[in-house]
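These notes open a run of structures that come right after.
Look for subunit A in each of the two complexes below; its partner is subunit B in the first and subunit C in the second.
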Partner chain A sequence: MSTLMLVADLTKRPVVTLGGEAVAQIKDTVFDAAGGQITGFTLAGRGLLSGPLKQSLPWSGVHALGPDAVMIPAVEVLQARDAVVDKGEAGSGQVRGARVLSDAGLELGTVLDAVVEGGTSGRVAGFHVATTEAMGRHERRAFLPAHGRLAMTGDTLVIPARLAERAVDDLAAADLRKGTER
Partner chain B sequence: MMLLSQVLGLSVISAEDALPAGEVAGLGIDPLACRVSELYLKSTGSGDSVPWAQVRGMGPDAVIVDTAAAEAGRESPHSRAHKRLLGKRILTEFGEDIGTLTEVTFDPETGAVGDLYIGRDPTPVPGSRMVGLGSYALVLAAG
Partner chain C sequence: MIWWMWLTAVLVALLLLAGAILGTQARRRGGGAIVVRRGRRGGRGGMR
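Our next item is the complex of A and B:
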């Protein structure tokens, strides 16, 4: 099971125990410093009036990241908010808007969102990018695959030029969209 | 095998004095044991329950329970999560919503749960796949 999903779509997804109780919803997704892996989630309470929770969900506590819910073994896996936020440097807010440069020094565009692998992986599979003319593409938005280690600081992402050639217009075209469509 | 929908609304009669104890409002299910754990009654106050062990017989026309059980049921705590089982959201352990519960079959003798029917899918899922039942969803293990 490795369905791909946009990180923006994870927001508000319910966090459900294997016992069938919804204990929270996703507020924000936190990545490791290199932006290659989800390290956890900050949480909000469920319902209209509930705000952010003091607890967070480290990736180690995730049973599976699914298209309709984030499954956890039990409520005990939730930890203090600092446990997740301190470890990861790049919140999804910082990933969005980052400048994308090819290793040939060409500015390719800006990151609209990250694409992650669901299930038990939590790996960043690619980025949804608003492209510049440098990409030479008709479509102004494209999905760029991310393989292996990423070179990423807070506001800049450098990717190999050969990956830029493998950009696709939508996740379905690359057979990547499975599971995020409903 | 009996259907959950078939049992709902059946009158519950106490074996000792043949007095009506109420109507079946629902079944409580132990997902890991894969069996019926209790019977919820309506119309005798709010939300009585009878443990499965006190159910003497269950047929097409009535459910017979021990008198004592029906009375004890009034005080026994029970989980709201198990009420309204039909229509319950079903999630796989991979976090995929696969529909709502439309029918449950069970053995009226032993209380063992047989199959679960999901949405309009005519092919049932074995009850042994249940891993959890809460107020939000019924969770199934990978098939």
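Our next item is the complex of A and C:
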């Protein structure tokens, strides 16, 4: 079973081994623009006084991305932080705040968050955006489907104009799973 | 200042310090979405 979830909701989600031990919590979700796929997570400690960890969780080490926890087989799947993202990429690749451009050169809005598919998929299914007048919905929030390979840097997300027509207001109603199939 | 004023000042200072530390750590634990431009170790799909 896979469910759609916002990356903001993944933050602070516990990382739990199949043995039942909570070893960390999610900090950042890292995804690859070329594949439209989660490549891993940076981690933070679970305690009140703990900060970011030097370890990260590559996607290959994830058993299941669930609605309440990220399950891993064992703590040995954790790797050095650089295995998922290095400091330069972490600084320049923040998705939140990136502007959304159509391939026709029209500014459609600003990225508020990414939507990913849970379970064992880890696919980037779409984006939550604050729209501009160009979408006929000035300063409203909408969900846009992704389309597999993402044309994206930390500054700008470029999407085909046809995808902008498929924006919906509600994640529950969003048909983002079909975004890569068309 | 009398002794209880010193005590109050020290307690207030400790509370402010604790609040600042907790706030800073909570902010450092916060995260978001990061995009990278190339595939990295980890690849596609979860471990089955």
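Following the convention adopted for this analysis, the second predicted complex is superposed on the first by the 161 of 182 C-alpha atoms of A that agree within 3 Å, B and C clash if a C-alpha of one lies under 4 Å from a C-alpha of the other, contacts with A are read in each partner's own complex, and residues count from 1 in each chain.
We take it that contacts are C-beta pairs under 8 Å (C-beta built on N, C-alpha and C of every residue); 3 or more make two chains touch, one makes a residue touch a chain.
These numbers come from a predicted model, not from an experiment.
Novice: Look at A:D32 in the shared chain and tell me whether it touches subunit B only, subunit C only, both, or neither; answer first, second, both or neither.
Specialist: The second partner, subunit C, only.
Novice: So, does A:G19 touch the first partner subunit B, the second partner subunit C, both, or neither?
Specialist: first
Novice: Which partner does A:L65 reach: the first (subunit B), the second (subunit C), both, or neither?
Specialist: Both: A:L65 reaches subunit B and subunit C.
Novice: Compare subunit B and subunit C by how many residues of subunit A each one touches, and report the one with more.
Specialist: The partner making contact with more of subunit A's residues is C.
Novice: Pick one for A:A134: touches subunit B only (first), subunit C only (second), both, or neither.
Specialist: In the superposition, A:A134 contacts neither subunit B nor subunit C.
Novice: Touch test for A:A8: subunit B only (first), subunit C only (second), both, or neither?
Specialist: second
Novice: Give one of first, second, both or neither to describe whether A:V168 is in contact with subunit B, with subunit C, with both, or with none.
Specialist: In the superposition, A:V168 contacts neither subunit B nor subunit C.
Novice: Under the contact definition given at the top, report the residues of subunit A touching subunit B in one complex and subunit C in the other.
Specialist: 63-65, 119
Novice: What part of subunit C is in contact with subunit A in the complex they form?
Specialist: Against subunit A, subunit C makes touches at 21-22, 25, 28-48.
Novice: Where on subunit A does subunit B make contact in their complex?
Specialist: So the residues of subunit A touching subunit B come out as 1, 14, 16-22, 63-71, 118-119, 179.
Novice: Which residues, counting only subunit B, touch subunit A once they are in their complex?
Specialist: 31, 81, 91-97, 131-139
Novice: Can you list the subunit A residues touching subunit C in their complex?
Specialist: For this pair, the touching residues of subunit A are 7-8, 11-12, 25-35, 37, 39-40, 42, 44-45, 48-52, 58-65, 73, 77, 79, 83-85, 89-90, 93-96, 113-114, 119-122, 150, 152-154.
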